[in-house]
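The following pair of complexes shares a single chain, chain A, combined with chain B in the former and chain C in the latter.
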Partner chain A sequence: MYDHNNGQVVIVGGGIAGLATAKLLSENNFHFAIVERSYKLGGHTKDWACMATDNCNRCHSCAVFDYEEFVASSPHGEIFLRHELFSVTRSTSGISSVGIRCIDSGAERELPVTALVLAVGFEPFDPIEKGFWGYGTFEGVMTLSDLNRLMRLDDLNTIRPGNGDPLNLAFFQCVGSRDKTIGADYCSQYCCAAAIRAALRTIHQYPDSKVTIFYIDLQIAGKTAQALMDKAQEKGVRFLQGVPGEIQPIQDGGLQVISEKDGQNVVERFDRIVLSIGQRPSSSAIAISGITEAPLNEFGFFQTRSQFDPVRSPLNGVYIAGSCSGPANIPDVAMNAGKVVSAIIKDIEQTI
Partner chain B sequence: MNSGSLAGSYETMNLIKNATGQNDVDICVTCGQCVSRCFLSQSYPDINPRKIIRKILLGREQEVIDSEFIWACTLCGRCTTDCPKNISMDVVIRRLRGLAWAQGKAPSRLCEGIEKIKEFGNNTGVDAEEFQETAEWIAEECEDELQEIFEGASNVPFDRKGAEILYMPNPREYTSNPNMFQAYLKFFAHVRADWTLSSKVFDVTNWPYYLGDQDDAVALVRATVNEARNLGAKILLTTECGHGFKILRKDTQAWLGESIDFEVLSIIELAHRYFKEGRLRLRQGAINKTVTYHDPCNVGRKVGIFEGPRELLKFISANFVEMWPNRKYSICCGGGGSVSQNSDMGSKRLEHAMWKRDQILRTGADILTTSCQNCLTQLGDMQSRYNMPVEIKSVMELVVEAIEPLSLP
Partner chain C sequence: MLNLHKNNSLSCTVPNQSALVVGNGLTASMVVAAINSVGLDVTHARFGSNSSTLFHSCDNESFITFLDQLIEQLPTVEGPQGGPTEIVPCENGFLVTFDSGESHEFGSVFLAIEGTLKPAPKDLPAEVTTITPDRPTASVVSSVCFLLDYKEITNPSIGAHSIRVALENQIAGGHSFVLLRQTPVKGLLGETLYEAARLAGVRFLRYGTKLPKIERLSTPIESSARFKVSVADIIESGEEISFDCDCVFVGANPIIERLPDGFRNLLSEETDQQGFLIQDSVHCLTGKSFHKGVYCVGPSSGCVDLFETMMTAASAAVDAAAWLNFANAPQSEEKMSVTEQCIRCLTCIRLCPHSAITLNAEASRSNVKVSTVRCVECGICVAECPRTALDLNNFLEDSFSSLIDRLKTETSEDTIVVFGCYRSAGRAISEINLPGNVIFFPVSCAGRLSESILSATLATRVKGILILGCHHGNCRSNNGTDWARVRLANMSKRLGSLFGKVGVISYKTLAPNESARMLRLINNFSSSAFGISD
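And now, the complex of A and B:
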């Protein structure tokens, strides 16, 4: 049998997809090297707050800490922070080595490669692209990740009205998702459940808060979906179909929107509006695709061989992990890592 | 199930599909953004853009065809600006109007206007001779000012073959609002424009477009294009008009199925171009007031002219302020898309314009400018109705006030 200790898998990206893949590789006696552009591991998940209320709401953001701890202490791996991929050397069966470079010092080194995993993640949609939501213009308009940051830093009190009134919060779903005009005609998968959890978390911390979720249709499924919806309804989260297309500032510092309710158009005031932003392809996807020649799909995510082979790039020896092949939530990314590692093992065993 | 009505809706859907080219209304995901961006939402609680799409899909388009809403709609297109599925509501509404018109349910005033266009070539019923006389008379009224710019500037050129610019006015300029025509004459004189009017085609507007009467709309465009070719113009210059300019600029090639070998420009674009080239010299800060700009839907959102007029206004005014929202998301004045011309709508267009009124008042501006005759009419009417403490002018009127006279050669 093939001794996995002889192989080294290079993983581009140290977010949750890269970490989950590294953990599984390590458990299967592979050497791995993580090449990460930023100064820390964990990617976007690291910025996400725990959504537990009186019990766990299964946001799975804590998983990143377990992965990181395991990977950082693994004897099988090397971690290159502040490094980026700049070249690949091809062999007949795929890629034999990659060149990486330190972003700060410019120092270059060559890493031998048995398999190359691209796990460059996603880019949060920047709502400034769509000016009518007033993001960046009005203080009260924030994104779901801004809200998460506040929760993470325990700063949720900063968005409560100064006069002691209850916080009146609205979520707008599908911001930057299912949108042809920006080339993102797809569902971003994570946002409905994430918004509901954030609503519950807000109400848990400040039970007088009023939360409205404006949605197109709720794209949540799975065995935990109904429990989440039941809890949201029990806690008084209001769901309104239809997303207001515009936010107007009003004199008292609040924000006004128009929505349709029971066939009538209603004007409503909120203290804060949270835009549930979708996932766009990573800003480094184009560069990485250029270096490796791993092709991108129509949306700018990395292409995989088919729906039924969702982790192999059409390019031999290259595997696509996590949300760089399309929007995904944390549990999906973790499961996908298992598919990546089993594909790598299978391919290696077939070639020897 | 009533299969007859379903078949009907397929026809309507196909009409709309053909009109929009690629997208079909059944792609709508009912996100509802259009509802909150429509300034008619408050006035017509029973209907809104999203419901119109639903009704069409459910085979109930007759309810929409019979509704006042389609005639109150200004075709401003704001509801579906950045529609996630690229639906163009103004195209949908025009198609529905076309169906209403075919059923004899179009507003009478618009139908009369179209008859006049067919007979006289313009919607006011002024004939060629009368037009020439009126234009010359309006020029005479400001003869001294024009002659001061250069000797002979008060001669209005007609049918000059080989002139660089064919200028296409709005009938308001030779009927209700001759001041505008005078402002343009002064502009032409100052920049020593090589221009002409046509005595055959002298109406930039396109009322059949409003009615969804595509054949007549195309015929008008063809007549204008033929006249520009006949005179050998390099620039077909439109007045500060909304839909007329937008059609000539944006739809001509698709509608006629042929390319055109001249430029279609709005006079504000030409002014901006000449300003950049140094041919139009303006006095910086000449307008010692606070000025704001209303983006006309056709000039702004539909054609994409945002920065040119702003550059001019920022240069000539002491203080320039923006409304929110602006540019692509500008709120319609409430008078476009035939609503101002449609006597059946009465003064409702002013009641529908509250968003615009509040937006204007919030700026605190002394002068409100815009670059569309329709907007100017509506904003003027709003000003008197609501006593808005603001002066209303076209961008070109203000630009002409700020012109630095060229020293004579």
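And now, the complex of A and C:
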């Protein structure tokens, strides 16, 4: 077995990827230091809502609480909130130390490093980039994260029509994903299942709600895929292939879109339209790539060595965890963290 | 165990630092390599098929390089042949009995067997075969049709694999058709692969509710075509398109394989909706069971993706190393106590979701032994023990007695007691302010709330009791929250008409990120307890 002094791993990013990695490192006798820009741990996941309909629907958003509690109370780690990476010192085998700086005070400190893990996460696509969905202009257009925020605050009632009519909700899939024009020619992995869960959650709370999901291709892999689809169909979620290109506000405060039915264009009205926004590379990816020299790939995510070596950066001593190497959902991130720690253990053993 | 050591490189003498891998194919090899690379001792028991059902979408050259590297990393660790017939938790891990009758102790056990795919749907011609990782091979230059999403959505890994083979066949000079309802573009490079296949001339046809028709051509004349395929493409005109091709392969999803008896019995409470092992619960990420030290990787858990299986193997190995590290560390405190009231009914052993309670090998009054490392203090056993012989040392029965005493004397008639699971309600409460008449009492798990605690609480002057457990399927102890629900139903049945007069009691479920909803649930319950309808 390993000794308690396996060295210190510095993790850049305190979202679910950083936390999951820190937990496994700590459990395997490593010291860890998490460097997080914001005021809190947990990243995007911390703001997401539970999607249970009395039964857990496997959104896994609660996992972050378990990770955070473990990490925050671990005697093997340090957490630097409001800090950022500003320098690295190289050694022959990789990286020997990093410089971090407090964003508020500017105070700097040096941390010795056995391995450096980049877990800077993703940036949610901002639909304002593509004006024609009217996000930010039309009141009824919101993103999947906006909807999550409402659910988290238990404010779903605020989007129901005031006159007591049932809520008529639509989801647009692949917003900012599979889109060459914005350099995002990839599937964002999480959004199909997330939209279906949000649809089920809405119907669970307000059973008279009508929900339509406009999709290109449904990408729901894994154990729950079929069960989730069956449930959605049972609850009357309507799936329509093809995402309308435009949203128009109408006088009654609703939104109208042109969709296709049997080769004919039909106009449909919705109270609200939820844009299932994709994952873009983190806003700090370029800066961190510049500091560390860990290369980015064609999409702007951190490059890894190969499909078979998906957690090591081509740069020795640097590991890529979670969605900063490509879009991922929570279970993927949890699994990826295990692979990161496994690679670190293996590499250290080989250098000893 | 000694024999085993003589024949291979195992040097481990403490069973608690060892891992057993059961399986015979690529999955098992990846798990063995993963365990080896985190420094645990590994024993490999060969069981089941050695032909892999793992699909991948990378080129053959990379795959072969991967296989070569994998073989290089594999230690020689042959163990007993055959599958475990019995896996019994014991203090130092698991006592595993094999087909041959021999028994060994292991700190952790991994199920890593290969899988099976469903047979091709019966309404297709008999010559249509299922897509497997090595059939069709890309080297066969012909006109090949891949039929995906036929009657159910094809697993995206099988879909992506098909697109890769279709592309390779097209590049080699063949013709490839892919019939589908959902293009599998999952993964960062999924879209790139799909795009490359389209550019190379692979014909993608998207059908709707009308299924494609596949006919066997009975009298092939000049051409070698053997099938006629007719499909209505909903993207193009919607009109039916027909073409001939040499062979048709259909995507068939995995089904659950014959499991070794030992695993089937141990994990009988832990299957997902489709019967695959280990739930997709948030507590079972990375292939771990609720039984500490037990892992399932690959097809037996429903996964037929090579990369995902590789990731799970690595994660499960790291988790096992962490678990054994923890289990081997000196433990300062006993989490549970067993009194002389124990009549050896073994209910607790049967119910523990974590394999934390084992039979005491040494003769003693109680006969059961509680593992400090495995016990997560859910208290399901404490609540169900017919002799109240068990207690959690950190969450004593006495604490409930004190609460009840307090309720008898101090409370006013509008008091509402909320019992909340520490993991969900106990966290959510930090973000809300409770109404003044509400007493919140955190419990280690809703499964700890015995009927006697609930009855005694009801018998005080409280207006109502609200139990907040975790959502079904989200309980850290698998079914603790369900125990609370069932006990409530039992009580209502038993108390019959009395129920409701003595007080109001309700059970709801919650997650840690549902603070706002928690407050609404409490307020709604409060209103109904006072006869105000919401």
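Following the convention adopted for this analysis, the second predicted complex is superposed on the first by the 348 of 352 C-alpha atoms of A that agree within 3 Å, B and C clash if a C-alpha of one lies under 4 Å from a C-alpha of the other, contacts with A are read in each partner's own complex, and residues count from 1 in each chain.
In this text, a residue touches a chain if its C-beta (ideal position, glycine included) is under 8 Å from a C-beta of that chain, and two chains touch if they have at least 3 such contacts.
This one's a predicted model, so the numbers in the text were calculated from it and none came from an experiment.
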item: First (chain B), second (chain C), both or neither touched by A:Ala72; value: neither
item: Partner chain(s) touched by A:Tyr186 [first = chain B, second = chain C, both, neither]; value: second
item: Partner chain(s) touched by A:Phe132 [first = chain B, second = chain C, both, neither]; value: first
item: Touching partner for A:Ala221 - first (chain B), second (chain C), both, neither; value: second
item: Touch count on chain A, higher of chain B and chain C; value: C
item: First (chain B), second (chain C), both or neither touched by A:Gly263; value: both
item: Partner chain in contact with A:Ile345 - chain B first, chain C second, else both or neither; value: second
item: Which of chain B and chain C A:Ala107 touches, first, second, both or neither; value: neither
item: Partner chain in contact with A:Gly245 - chain B first, chain C second, else both or neither; value: first
item: Common ground on chain A, meaning residues reached by chain C in one complex and by chain B in the other; value: 178, 185, 217, 241, 263
item: Chain A-touching residues of chain C, taken from the complex the two chains share; value: 17, 34, 37-39, 56, 58, 62, 65-66, 69, 152-153, 155-157, 182-192, 195, 208, 234, 237-238, 272-274, 276, 280-282, 285-286, 301-303, 305, 307-308, 310-312, 314-319, 321-326, 328, 423-424, 427, 470-474, 509, 511-514, 516-517, 519-520
item: Chain B contact footprint on chain A (complex, rising order); value: 130-132, 134, 137, 174, 178-181, 185, 214, 216-217, 241-246, 248-249, 257-260, 263-265, 267
item: Chain A contact footprint on chain B (complex, rising order); value: 29-37, 41-42, 45-46, 48, 50, 79, 81-86, 324-325, 327-329
item: In the complex, chain A residues that touch chain C; value: 1-2, 24, 27-29, 46, 48-50, 52, 54-56, 58, 60-63, 65-66, 69, 152-155, 178, 185-187, 189, 217-227, 229, 241, 262-263, 299, 301, 306-308, 310, 326-327, 331, 334-339, 341-343, 345-346, 349
